[in-house]
């Protein structure tokens, strides 16, 4: 009865009654999922405002932004942004977006809420650990935010925090004092949270599946969350020590990443014999898988939602899962493609470029599977569906530029230009965000019991879809013109003529950003005033739709679920429509 | 409430009175004047290549700016040296008027800014692009601020005497000095190396001459009322 | 709604592609002035064509299918793509696989040509010191000898950016230190690059060359410029608050002009 | 097994390897922790290879001898842990508890020996950023961070063992919990088998 005993711990807790127990320190995976979602929402708003400020500065570098001086007197004397403050905002934008939005929402947020439901479990295997992982994440977020208010302001060495700039301390720049230390601490804490979360996801997926929910019957989203947590388990395990070593370099006088004889601000540094490349190796060994930690859940979510609105199963479901596994596996062999010009052995550049290009094969297969699946369908163009289609489009646009950057010979020209910015914003940022929107419009009825407003949703989609192309497409051309990224202003002779393009991008960014408030309003308004949602508003098949909206504390009211069907049986004659729920009795199989 | 105000007011009155008397006390104070010179070969003044900042490069195209760590003139005179009363000072009026430290054409004007403790000074950016000003004090608090073009002057002061190297992080060749003194009796040598400290009450003084590269020298001087003493400081210079 | 999506997607795709095709000089690579650059450019164009076709094809297909999916009547029985998943997998592996194989094969040769080929022994040797936030360049001077580097001797105020020690080191006395890189045309150049503080990067668009300058390492970089003119060297590795202002000029002169220039500089030292 | 609502059994899909969640999670933790250790050891190796001035400072006596003793202690604790798990499997609670305490004691002994050695090295002038022998400063950094990380794991394990021992005696924890602790403890044991040769033997004079 080993499992019995093991499982006993999972289920014995009963619904909390106190407010704190229900909504703050809740062990209910649904509440925790919403908490992650809320944190992500807060983070994405901050991150977006930061990007507005940055874009304004890039378009009009001497522009006085009213009130900015209040935010940071030294950072914006007379409301004019200083370059160090621009870099600080850029660093915070990157860190917040990558860690607290792209990692938190599609993976931790939706994953926490729907993974247990989709496998038919009452909760995660370790509810208390689950609660802990959220609050640890939250702590990490607070520590990072604190950097805004310490003397010198936030760090300015980018989300990649390349040593020695990030390791030598305040001589390297205003933000490199306390701010950078807080950054290192925050990320280290974040890693711990992610590891705890990953343990939970893995054991839940493997051990808490209800009767009949064989691995072959898992929805794509569940697969994606499972694979992602495996990637995260190994990736964050490397970032954690890296951050600790960086922290030691900063406060304990070690020299892991700091070579000898540095003279910074006319001060000779005491450190000796470290290696800046060591940081890059450790960081990118995490950093590249992190890209897939952000995008795989998005892939899973989109693949999960598309069939619902196409009313037909996806092509080659097993192939798709295989692609996700392959991408996850390959992601550990390609970190060097971030370091083509870093001064590492030129031979290794070739070794790293080949697997990088190979990754494009599973990615292409996945894309073609989606496109091919759209063929011959009769689609219901809900907002969720539109965002899925938008995801496919931006995923293509972002993936294509990968062909260029994967080749060292071309990367030598395009490295650290806006071409790269366009690439990762499309494929990692926008794509993942689109999946979040799709997920929100699709699942919000289940999570809140209220339908979201479709009209507002569609307005939001069109503005966003056209907007992101206006923002990021031009960046490719800027990149080809050699426009260097991470510049606070464009003073060079060859860059100043490009400023009008930047002004265009800025305007597009402001409009697109403003459009997001339509979404925010829709979210809040629908939560309060939206029409009540039925249990299965989209006639979908997976388990989350065979319970009430929102689900009860233990998800299924203690019913024994028996899964008899594949997750995507659409376009068939089912008992109550053109679909068959996974939980429908065996007999329901029409053909 | 009233008492609260009364005490500080009184203190202020007394102090200012005292200072006033000290300042105006010697009607015909003594004067020390002279020249700062060098022997040997001083390091060559090198032309500064400002091509990184085209505006400045254009501005100085005709006559390139020279390095200012050792500026010498005819008769072995040494410019930018500070001569000041380092001991025996019988009291100084606080430096009140605001000094100016100008960033113009990628140069610090003046190269050396001598001031008294707690004397306010303005840092002005007169260039159409950003400057970053980063003084590197050892005992005074360190700060590092950027000045985008067209931002208001930034007013600072130091409360401990110190020789503070100043650099612009953005334009590595821009170097200057803040010389913070706790006396009002000081003089900065001009292009002819001459200095003049007037209004000294009769007495025995220790005079110190400081130059960023050569270091310091001291001399004992006694001046009587209305007397003018002439002394010279000679630094030993090496080519490298 | 679906038809609209098809249209919008098509428009976006065509406009984006059109700008790639009918680019002005402004939004495109600048003239290539290096001996190896044509390889890079050729490689880039190959990739541009290959991926361009993939981009347009996939976006338009998506748009088309969505357009169709919008027009259908209630009670439509869905069609599966002929052949199911197989054609996808095969075409992906065939098309992309072949493309990336050729790309990486050809690309590696280009890369090897630039970074794995030994420098010409007759190269002109120039020493590069990067620091916050400027580049400085050093020529060996009359004696053809570089003075040793002593970080503790670095004193920017007196123009000693490299940390030379002319007092004890005779070789250092005649080293020519300047703030812009002046080189003779059609002559192999060998740069030895090092940084005094953090990571910087040496990027000249026209040379199609890009190399990080990592403190603690002496990084060699060799190239040959084939055109005279004045070009910008910029830093592309985030190095601090002055990053965007960190630049220098590359002056490619004829051999004679270069020799003359060098003489003047030696005199000025 | 019982559910919160309605006390009738819920039938689960068989776990692929029949591993209960607790054990599975521990295995996953062990894997990720192994990666963490590899990362630190990688950094150590990277810097060591990159430091021409690397000097192996350890005398055979006392350091290596001490290391051998520590190794012996830790291996023994591994055996006692095995015994504890066996006993727990056969339901011999008393014996199991005793073996757990034995393991706990040996672990504590290891920690003490280690801390004593640290103290000796600190007295010799070793620091994270300082090397009294004049060799590469990275030795101190690498040594203290690698062994420190391991020591943290040992101390954590000792505490866990104590808690488990008490709980197991009281019947609060079952044999699975003992096995899980066992997995962790053997992992700590295994890591030492890498740390000892890499950090000690490779730095013996």
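Letters are used for the chains, namely A, B, C and D, taken in the order the chains are written, and counting of residues starts over at 1 for each.
What we mean here is this: a contact is a pair of C-beta atoms (placed from the backbone, for glycine too) under 8 Å apart; a residue touches a chain by one contact, two chains touch by 3 or more.
If you're wondering where the values come from, they're calculated on a predicted model, not measured in any experiment.
Taking each chain's centre as the mean of its CA atoms, D is the chain most distant from chain B.
Just count the C-beta contacts per chain pair and the biggest one is A-C. Among the chains in view, A has its Cα centre nearest the centre of the complete protein Cα set.
If you average the Cα atoms of chain B and of chain C, the two centres end up 46 Å apart. One finds 34 Å separating the Cα centroids of chain A and chain D. Here the spacing of chain A and chain B, counted between their Cα centres, is 55 Å. Residue numbers of chain C whose C-beta contacts span two or more other chains: 131-132, 155-156, 240-242, 245, 247. For chain B, the set of residues touching two or more other chains reads 129-130, 146, 165, 167, 169. Contacting chain pairs in the structure are A-B, A-C, A-D, B-C.
Within the complex formed with chain B, the residues of chain C that make contact are 131-135, 155-159, 161, 165-167, 173, 178-180, 240-242, 245-249, 268-269.
Here chain A touches chain B in the complex through residues 62, 74, 77-78, 80-84, 170, 173-174, 265-267, 489, 491, 493, going by the rule given at the top. Residues 82-84, 87, 156-158, 162, 164-165, 168, 172-174, 259-266, 268, 274-277, 310-312, 315-316, 319, 341-343, 346-347, 349-350, 353-354, 357-358, 360-361, 364-365, 367-369, 371-379, 381, 386, 389, 392-393, 396-397, 400-401, 403-404, 406-410, 412-413, 415-417, 458, 462, 465-466, 469, 473, 476-478, 480-482, 484-494, 497-498, 501, 570-571 of chain A touch chain C in their complex. Touching chain D in their complex are the following residues of chain A: 2-15, 122, 125-126, 195, 198-200, 202-204, 206-215, 233-234, 236-238, 240-242, 244-245, 248, 252-256, 270-275, 278, 281-282, 285, 552-554, 557-560. For chain B in complex with chain A, the touching residues are 54, 129-130, 134, 136, 144-152, 154, 165, 167, 169.
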